[in-house]
Every structure is written in structure tokens, then in C-alpha cells.
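Listed below are the structures to be examined.
In the two assemblies presented below, chain A is common to both, partnered first by chain B and then by chain C.
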Partner chain A sequence: MTQCILEIRDLTTRFETKQGIANAVDRLSLQIYEGEVVGLVGESGSGKSMTGYSIMGLIEPPGSIVSGSIRYRDQDLCALDKDQLRQLRGDRIAMIFQDPMMSLNPVLRIDTQLIETLKAHRAIDKQHAIQRATKLLCAMGIPSPEARLRQYPHQLSGGMRQRIAIAIALLLEPDLIIADEPTTALDVTIQAQIIHEFQTLIEGRGTSVLWITHDLAVASTMADRLAIMYAGQIVEFGPAVEVLKTPAHPYTAGLLRSIPSRNIRGKPLQQIPGSTPSLTHLPPGCPFAPRCERATSVCSTEPPLQHISASRSAQCHFPWGMSS
Partner chain B sequence: MPFSLGDVVMTKPILEARNVSRIFAPHEDLIGKVVRTVMRQPEPSHVQALSNISLALNTGEVLGIVGESGCGKSTLGRILAGILQPSSGSIAFQGTPLSAMDPATRVKTFLKIQMIFQDPMSSLNPRKRVSDLIAEAPLVHGLLDPKDRDDFVYNALTRVGLDPDTLSRFPHQFSGGQRQRINIARALAVTPEILICDESVAALDVSIQAQILNVFMALKEEGRLTFMFISHDLGVVEHLCDRVAILYLGKVVELGTVEALFQAPQHPYTQVLLNEIPRIGTGKRRFNPIRGEIPSPLSPPSGCPFHPRCPHSITECKQRMPGLQEVGHEHLAACHLLNGTTSHPLMELSK
Partner chain C sequence: MINLVPQEHPWRSAWHHYCQSPFAVIALIVCAIILLAAAFAPWLAPQNPYDLNVIDFFDSKLPPGSRASNDFLYVLGTDGQGRDMFSAMLYGLRISLFVGVLSGLVAILIGMSLGLMAAYLGGWVDSLIMRVVDFMLGFPTILVALMLLAILGQGVDKVIFALILVQWAYFARAVRGAALVERQKEYIEAAQSLGLSDQRIMFGHIMPNCLAPVIVLGTMQVASAISTEATLSFLGLGLPITEPSLGLLISNGYSNMLSGRYWISVYPGLLLLVTVFSINVVGDRLRDVLNPRLSR
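The block that comes next holds the complex of A and B.
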């Protein structure tokens, strides 16, 4: 049995806004094992990015983690002070953001930013640092890396910048990478290249990944296991192939039916009625109930976490596939 | 001689781009020009966004325009909608070039071509109520009697699936999907014949995207509209469109019916695109991507624009831009490897 690298238990991240209290992440539990890719899929406002930020300790007021625990190996991340967290962050756990311009410093050269990352965590001289950076840029598919190292972020294309951001995340060979929509802003051919290079690198090193995306298709080509989020909660969890083939939660099923596919070309798509609820005004019980085709009066009470099989679960009163 | 679609398809083109090119050059004032001449600086670089595009939109069809960023798909949409002027070439509506029309007719013609944009928020005036947004254009153009205004807005909102009681609200009070419905209602308010949708569902969540696609499908069913659907999402295009044009660096590289193009893509770029879109149901898989980035339109490669990335390129590709040629029924592609024969190595690859 592979080791559990990250264990999140009953995590609640709360934002206190003028409109009211919003639980961006609501009693979320998730385990990530060594060397696996977990896809965290949800629509905008479902709390998928906030889950990533919570793990990285990047939640700032008015938000805060109000309950639950995040364990990385045998350390409780919520209990660490700022310095200890900084030691861990970037070194053992790294994050990749959607917009590389957000994570790259526009006034520093690429080499400065790469060396800075290395030097912050390792006693390494400049020569070796550059060597290591060059090697990694090469592996990320960046042509003539020596020349690129001397450039500034604005001189590179969007795809190149994202490769650099990924290279920085991989530089210290972390155990866990949190990738927040890293290919969403990129073109299809560039996305395919970056996913390809990223997969090669993480498989060689056995890195675990939390791949956060709104795109079920991308998640399905990347992930071993899938977590589907809705209104701050993981509503369904299980091996990617099974979740996509036989969804248990009505929301997952609805999402899958909303995606145009070859078999239903030209026919109306089966849409999920309504829109995502505001986190400050959630309906009682199951947050999906008002849009759900299977909902009954029971759904206004808290849905139980039901185990469909040993590896699959759904937060629903009436999931599909229950052997009752 | 550019190809003509007239003899390939049976239906009559409602809107045509004839040899349309568009160059974007930096604006230069007189002083700048004098300084440049005196200093003997080179001319500022131009971006050739579109080069020599001929494309016909047939009455009642949904034509998909697909390409990656910088391929000119939005420029093409804007030129056809009359927002931008072509640098050369012309646009013809029902066979009459727009340049040959008198100003009054041209205004009437452009009313028949409406556009829906990607970002539903920035394309709505935040200070106007929904009823004003929808009724403004028909009132200005005299298509609507002010007395009937409320009924008109009521019907317009119902048609796109919005609660008509929301007509006095402001755009910020709606969700993204609802805002896009307002945009559609506004475009439909002047009873257009052509809708040009520029990435109209790209900014929406999957479940909302399905709702908006269904609105488009219902409008298509009504049969009174012709669509040009610009998108980077091949799945959406396959679902909605009748024909597709694939653009690469300002040129049409392949054009055909959705069935033909998705089942037997002929151009190497189309094959690559279809190969590299993630699809559900393939399971965890590795991509086998092509190398290289999309070249900058500031310095496009010689010959075929795709040759630096093409896995099959030959010397001829570097020298000469291949023209579009027929590769099947209603199916055109621009590739040297497709010369004269329909059985070539690429056909096998596409299987």
C-alpha cells in the first residue's frame, strides 16, 4: 500500500463578507497518496481553488480556516507557524497557478527567479543552480534554455511562461504539487505539450498532484482519482474511470450530460436547470437539491456520505449504484 | 483564381468574404513618420491577421470557425459583422458587395448581421436596465413603436429563457449565463438574419454552457437564422455546426462538413488539433504533442504557415503556400501533401 502524503479532514474555510458568512470550503475530507494524480473538478465558485489555497496556507482575511486539519505526512499544516510553513512551501509542497504572470516577478530575469527558489531552500552555489535550472527547462520543452534564462517574463509567450512557472514548482522535487488550472488559459496544442512534459516529469519522480480544473475532459486524461466539488463540498469521489463511466451523484451525471459529445451531436443537451447557488445563501440540506432531478423532501436535510464501493463515495441521499 | 464555393454547395451564400485580407499596422502620426524617414528607421512591423480569405456563409447553416489564439478568427468575425474594415477584398451580402451599397442600405444590411461576444459582462452597459439594453437598437432604427416597448422586451426575454419580470434590472444583478441570454436577446431584437457568435460560450461553466448552447440550438431549429460560430472548442463546434473552417495564422487550412472534417481530417494541423483535445472516455492517457509554438503573426514563416510544426513537411512547404483544393465532397484543404490524389499517407493517419 502506498503512503498517504496529504490528508485533509473536515476542512472548513470561511469568508466573512458583507453579504454574510460563506463557507468556501465546507467540511472537506480528501486523501492524496504517493505518486497519484487527484483531479479536483468543479465550476466557478465551487471552492476548488480555495481548497488549494488552504493547503498552501494562502488564505488571507477576511477568510480563515475555521476547523479541520490538513496533515502532510506527519505534520499538521494548520498548526505550523509562518516560518515552518515557508520552509515546507515551495520545497515539499509547490503550487502552480492559472496565470503565470501572477507567480512570476515581471522585473526579475528568469534565472534570478529560478536561482532564488533553489537558494531559499538549499545550500547550492550559483553555477550548480544554473545547471539544474537549465536541465529542468530543457525537460519542460523550452528551446535554447540558456538564452531564455537571461530573459524577462514579458519576453516570453504565455505557454513559455507557464513552462517556467511549472519548472520553478518542480525545481526542488516536491512531494506534492497543487496545480490550479495550469493549462486553462492555453491553446489546445500548447496544453497538450505542457501536460505531456508535466506527466513525464512527475512520473519519473513519483510526485503526487492535486490537479484543480473546471474541465472534466482534461481531468479525465490526467487523474487517477477524481473529486467533484459543488458549493464547497466534495459531492463525489472515486477512481476517475468509474466516476466518469457510472457517476453516482446527480451533479456529476448532470455535468457529464452537459458536455457536448459525438453521440448526441445536434440534439439538445440535457442541461442542469438553474445556476450555482450563492455560498452566503445556501439552501438547507443538500446544496444541489434545488437543481436536482432526483430530489425529494428528504434532500432538505443533510445528505449522508455514502460509500458506493470500497473506493467510491458520494454525498447524496439517492446516489446511483448503491447496492441496497 | 480563388476557389468559389458556389459550385460545391447547393444553398445560396447569404454572406461572403471575398479574398479578404486584414493588416494591423501601428498608428503613425505625421511627426512619427517624418522622424522615421529622417532617422532612416525601418517601417514599423505589420501584423497580417488575415490573408486572402474567401469564405461563404450559406443561408440557414451554422458555420464553425476554429483556430488557436492569433489565427484571426475574431478578426474575421468582426470584419463580417462590419465592425472592422478589410484591408483588401470585399464582403458581399446576398451577392451584393457592401462597398457597392449606398449608406442607408449598408446600415440596413449591418442590422441583419448581429454579433454576440465572449464576455457577457463587458458587452453590456452596466448603467442600463435590461429593457433599455434590448429595446434601444430597435427603437433607434425605427423597428419598434415606443408604445409596444414593454411587450417587445417581455417577448424577447421569454424567447431566450429569461424571467420577463427581470426587465427593469441591471446587468450586474444577473449570473454569467443569464447575461449571455440578455446579449442574445439584444442581438435578436433587430430581427437579424445572421448571428456571429465570437466565443460566446467560452467564458461559461459547463452546466451554463449547455443551457446557452441549447438556446442556440433552438434558434437554429426555428430555421430563420444563419450562424457563424467562432470557437476554440472543437467539442462545441462538432455539436452545433454544419460546416467548419479551420484557421491557422490568418489562412483557412481546411473547410468541410462537420462529418467529413471530424471523421477524416485532411490537413495535418486539423489532425493534430483533433488528436490533442482531451476527451472524456479515453481514460488517463499520454498526449503525443507536436513541437513548437504558434508562430508570431509579426514574422510568419515562409510558404505554408504550419510547416515549422508539421510532422510531415517537405521542402515544397517552405517555399510555397499551398492553395485550397478539393479533397472530398464539400471538403477543401490546403496542403502540398494532398496534391492531386485523395489516397496519401495523411489519409491513413487520420484513421
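The block that comes next holds the complex of A and C.
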């Protein structure tokens, strides 16, 4: 068995807003093993980004982590002080953000941003830092990296910028990368190129990845295992191939049905009825029950975590594939 | 979908935008000439107004265009001590600008650091700094400066100190506002997630993005510092008589105004007016150019 890199147990991240208390992440448990890619899939507002932010310690008031633990190898990230956390961030755990227009500092040159990251964690002189950065930009498929290094973010296209953001995340060869929808803002051809380059790089290094996305198609090409999130909870978890082929949770099934390419031409697009519930006013029991075709009166009680097989689980009263 | 076309550097496009107003370009050129004239005053001035050997007391209060006994031409006349007005004005401009720019720069440094800390650290640090800022802004500038100088006495250093004290709060407030906006942006989260230190994020990442409002305010504040210093000197609380600034020159000639010797006050007054006016025009234009809400 490979080693567990990150173990999240019963994590609850709460936002206290004027509208009420919202658990953006609700008793979430998740393990990520060495060298694997876990896809975290959910709609907007399902708490998938907040899970990533919680791991990175980027939750700011009015939000806070109220309970649970996040263990990176043998350290509890929630218990670390600011300096210890800073040493881990960027070095052992790195993050890639959604919008490459926003995640690079607009007034600093690319080389400045790469070198300062290296210098924050390693005693390295400028020349070696530039060498290392150049090599990595090459590997990310950036033509003439020496010239790119001397440019500002606004001189580069969105695809180039995201390549650079990924290069910065990979710079110190972290064990774990939190990728928060890194290809969502890019057009499809560039998305495919970047995913390919990223995959090659992480496979070579054995980096673990938490790939956060709302796009099941992207998740299916990237992820070894999939976690489907709804209203702050992981409703289904298992190997990507199995989850996509035989979904156990009605929500996963609904998501798969609503992918346009799976629908039959000429028929209206299938969708999940209703809309995502407000986190401040969740229905009692299963949060998906009001939209669920299989729901009965039992569903107004807390659904149990049911193990469909050794590697698969679903948080549902009536999952598919249960041997009753 | 994001814009995939590479754009022009924001500072360069701001410069192009600036140049679209010929009036502002003229003001900028005037500013540059004034700055150069002040910097090279000892080489440009036909007479050293501090050198008592070259000043002839019998040449005092001569009208513009008069000649001295040694055939020296007083282009703008002489003042009550017999100094060449043109030379005295160049030296006065030098002191006025020195006081205005230096106090402005130090105030920017202090105000910017405190504003950044308030915005980035938040909590009680923010409350403390901003309450002090509110307190400082609650008093009229000239009143605080007057009281300070009444306590400290005269001198260039004291005037600069007083001007710093009345100015820093404006910068702290402006920078805090800009930094609060920048702090919410994703690149700050990205910088945090890379494990950069707070100081590095504050001064390396947020600060360069807050420069636009600081430049605008700084320009305006330099103009205001120059006129405040002139006011203080005019009231006799600013610079000592041995180092006459423009304000002091105006003050010196004030008593001669009614006797028809207008040049002793009017020419330094005009120079002060042109200086402050052109700096303000440049500042106004910078605000139009650098304000993201007004940008194209």
C-alpha cells in the first residue's frame, strides 16, 4: 500500500454570515495517497474550493475551520503555527488557482515571481534560480522561456500565464498540489495541452494532486479516484472509472445525465430538477433529497455512509449497486 | 472567457493616455523646468544672494531692469537687502521645492507603511492606526503646523518635520483603501500559498499595486506642502530669514507693496503660483489617467 500523503478527517469549515451560519465544508473526510490524482467534483458553491483553501490555510474571517483535522504526512496542518505553515506552503504543498489573469501579480516580472518563491524556501543564488525556472518553463511547453521570464503577466496569453502559474507551483517539487479549476478559464484546445503537460510532469515526479473541477470530462481524464461533492459533503467516493460507469449516488447519476454529449440529439437536455440549496438553509437530513427522484420520507434523516465495495462509498439511504 | 491577447504595459498605456492632453503636457514641461531651475540654481543664478560680499545695500529696492553701479543687470529688480530678485527667487524655489518634496517623500514612506500594515494585518493594528489617522485628519493642517512650529521654533528641519506630521495621515488612508482592494485579489492568495513572508507580500506584492493613488496624492500633497510652507514662512513661523523660501520672499516684500515696489512680492508670488498650479494640473491629469474607474 502506498503512503497516505494527506488525510482529512471530519473537516468543517464554517462561514458566519448575516444570512446565517453556512458550513461550506461539512464533516468532510478524504485521503490522498502518494502519486495519485483525486478529482473533487461539484457544482459552484458545493464547497470544493473551500476544501482546497482549508488545506492551504487560506480561510479568512468570517470563515474558519471549526472542527476536524487535516494531516499532511505526520503533521496536523490545523495545529501548525504561522511560520511552520508558511514553510510547508509552496514548498511541500502548492496550489494552482482558477484564473491565471488574477493569480500572477500584474506589476512583477515573471522571473521575479519565480525567483522569490525559490528564495523563500531554499538558499539559492539568482543564477541557479533562473536556470531552474527556465528548465521548468521548457518542460511546461513554453517557447523561448528566457524571453518570457523577462516579461510581465499582461504580455502573455492566458494559456501561457496558467503554464507559468503551474510552473511556479511545481518549482519546489511539492508532494501535493491543490489544483483549483486550473483549466476552467482556458479554451478547450489549450486546456487539453496544459492537462497533458501537467500530467507528464506530475507522473515523472510522483506528485499527488487534488484536482478541483466542475467538469466531469476533465475529471475523468485526470483523476484516479473521484470525490463528488454536494452542499459541503462528499456524497460519493471511489475509483474514477467505476464512479463514472456505475454511479451509486443519485446526484452523481444526475450529473452524468446532464452532460450535453451524453444526451440524445433533438431531445431536451436532461437536468437535475431544482437548484442547489442555500447553505444557510439546508433541508433536514440528506441535502439532495428535495431534488432526488429516489427520495422517500427516510431521506429527511441523516443519510449513512454506505460502502458499496472496498474502494467505493456513498452517503445515501438508497445508493445504487448495494447488495442488499 | 478571458482575454487572450497580450496587452500593453499599464504604465506605458497610462503615459500615452496622459499625452493626449496638451495642457497637461505643457504643465509637465513647466514642472520639469521649475525642478531643473531649482536643482541648478547656484549655476543659473547671476548672483549668490547668500553671499554678503556681492550684495550692495545701496542697490536695495531697485525696480526691474535697473543696473547696479558695477553694470550688473537686475532683471527683476532687487529686494529690501539689495539682493537680485531673480537670483533670490531661484534660491527660494530651491528651498521651497526641497522642503515640499522631501517632506512629501518621507510622509509617503511613513503613510504607505502604516496604511499597508493596517490593510494587511487588519484587526487591532488596523483600528489603532486608523484611529490615529482620523485624529490627525480631524485638525486643520495649518493649525497643527503652526502649533508645532511655535513649540519647536524656526528651521528647515523643523518645517519639514511639521509638514511630514500633517501629511502622513492622508497617505495612510489612501494606501489602506487601495491595499484593501488589492488584498482581496487572487494573486495575494497565490503569494500566500507559495509560502512568502508577510513583509514580502506587503511590500513586494501589494505595495507596487497601490502606487497609482500614491503618485496622484503625492503630487497634490507636494503642491500643498509648498504652499503650506509658504504660508508658514509668510507668517514668520517657517524658515529663518537667512534661508529665504518663496513664502519668505513674498513676506519680505509685503510691506513695500503699498509704496509701489510691487516686484519684491509679486514675482516670487507668481513663481509660487505657477509652481503649485502646474504641479496640480499634472496631479489632476494623473488622477484621470491612473484611476481605474475612469479608464477606458
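Of note:
By our rule, the second predicted complex is superposed on the first by the 322 of 324 C-alpha atoms of A that agree within 3 Å, B and C clash if a C-alpha of one lies under 4 Å from a C-alpha of the other, contacts with A are read in each partner's own complex, and residues count from 1 in each chain.
Quick note on the criterion: contacts are C-beta pairs under 8 Å (C-beta built on N, C-alpha and C of every residue); 3 or more make two chains touch, one makes a residue touch a chain.
For clarity, every value in this text was computed on a predicted model and none was experimentally measured.
In the superposition on chain A, contact is made by A:R86 with chain C only, not with chain B. Once the two complexes are laid over each other on the shared chain, residue contacts for A:S157 go to chain B and to chain C alike. When the shared chain is aligned, chain B and chain C each come close enough to touch A:D187. When chain A is checked against chain B and against chain C, the one touching more of its residues turns out to be B. By the touch criterion stated above, A:M95 is placed in contact with chain C alone, chain B being left untouched. By the touch criterion defined above, A:D224 lies against chain B but remains apart from chain C after alignment on the C-alpha atoms of chain A. After overlaying the two complexes on the shared chain, residue contacts for A:S275 are found with chain B alone; chain C is out of touch.
Once the two complexes are overlaid on the shared chain, A:G266 sits against chain B while remaining clear of chain C. Residue contacts after overlaying the shared chain place A:E116 against chain C, while chain B stays out of touching range. For the contact definition in use here, the residues of chain A common to its chain B contact set and its chain C contact set are 157, 159, 187. By the touch rule above, chain A contacts chain C in their complex via residues 53, 56, 58, 86-91, 94-95, 97-108, 116-117, 120-121, 152, 154-159, 165, 168, 185-187.
Residues of chain C touching chain A in their complex: 1-10, 185-187, 189-197, 200, 204-205, 208-209, 211. Residue ranges of chain A in contact with chain B, taken from their complex: 37, 43-44, 141, 157, 159-160, 187-193, 195-196, 199, 214-218, 220-224, 240-241, 244-245, 254-262, 264-266, 268-272, 275-276. Of all residues in chain B, only 68-69, 175, 177-178, 205-211, 213-214, 217-218, 232, 234-236, 238-240, 258, 262, 272-273, 276-291, 293-294, 309 touch chain A in the complex they form.
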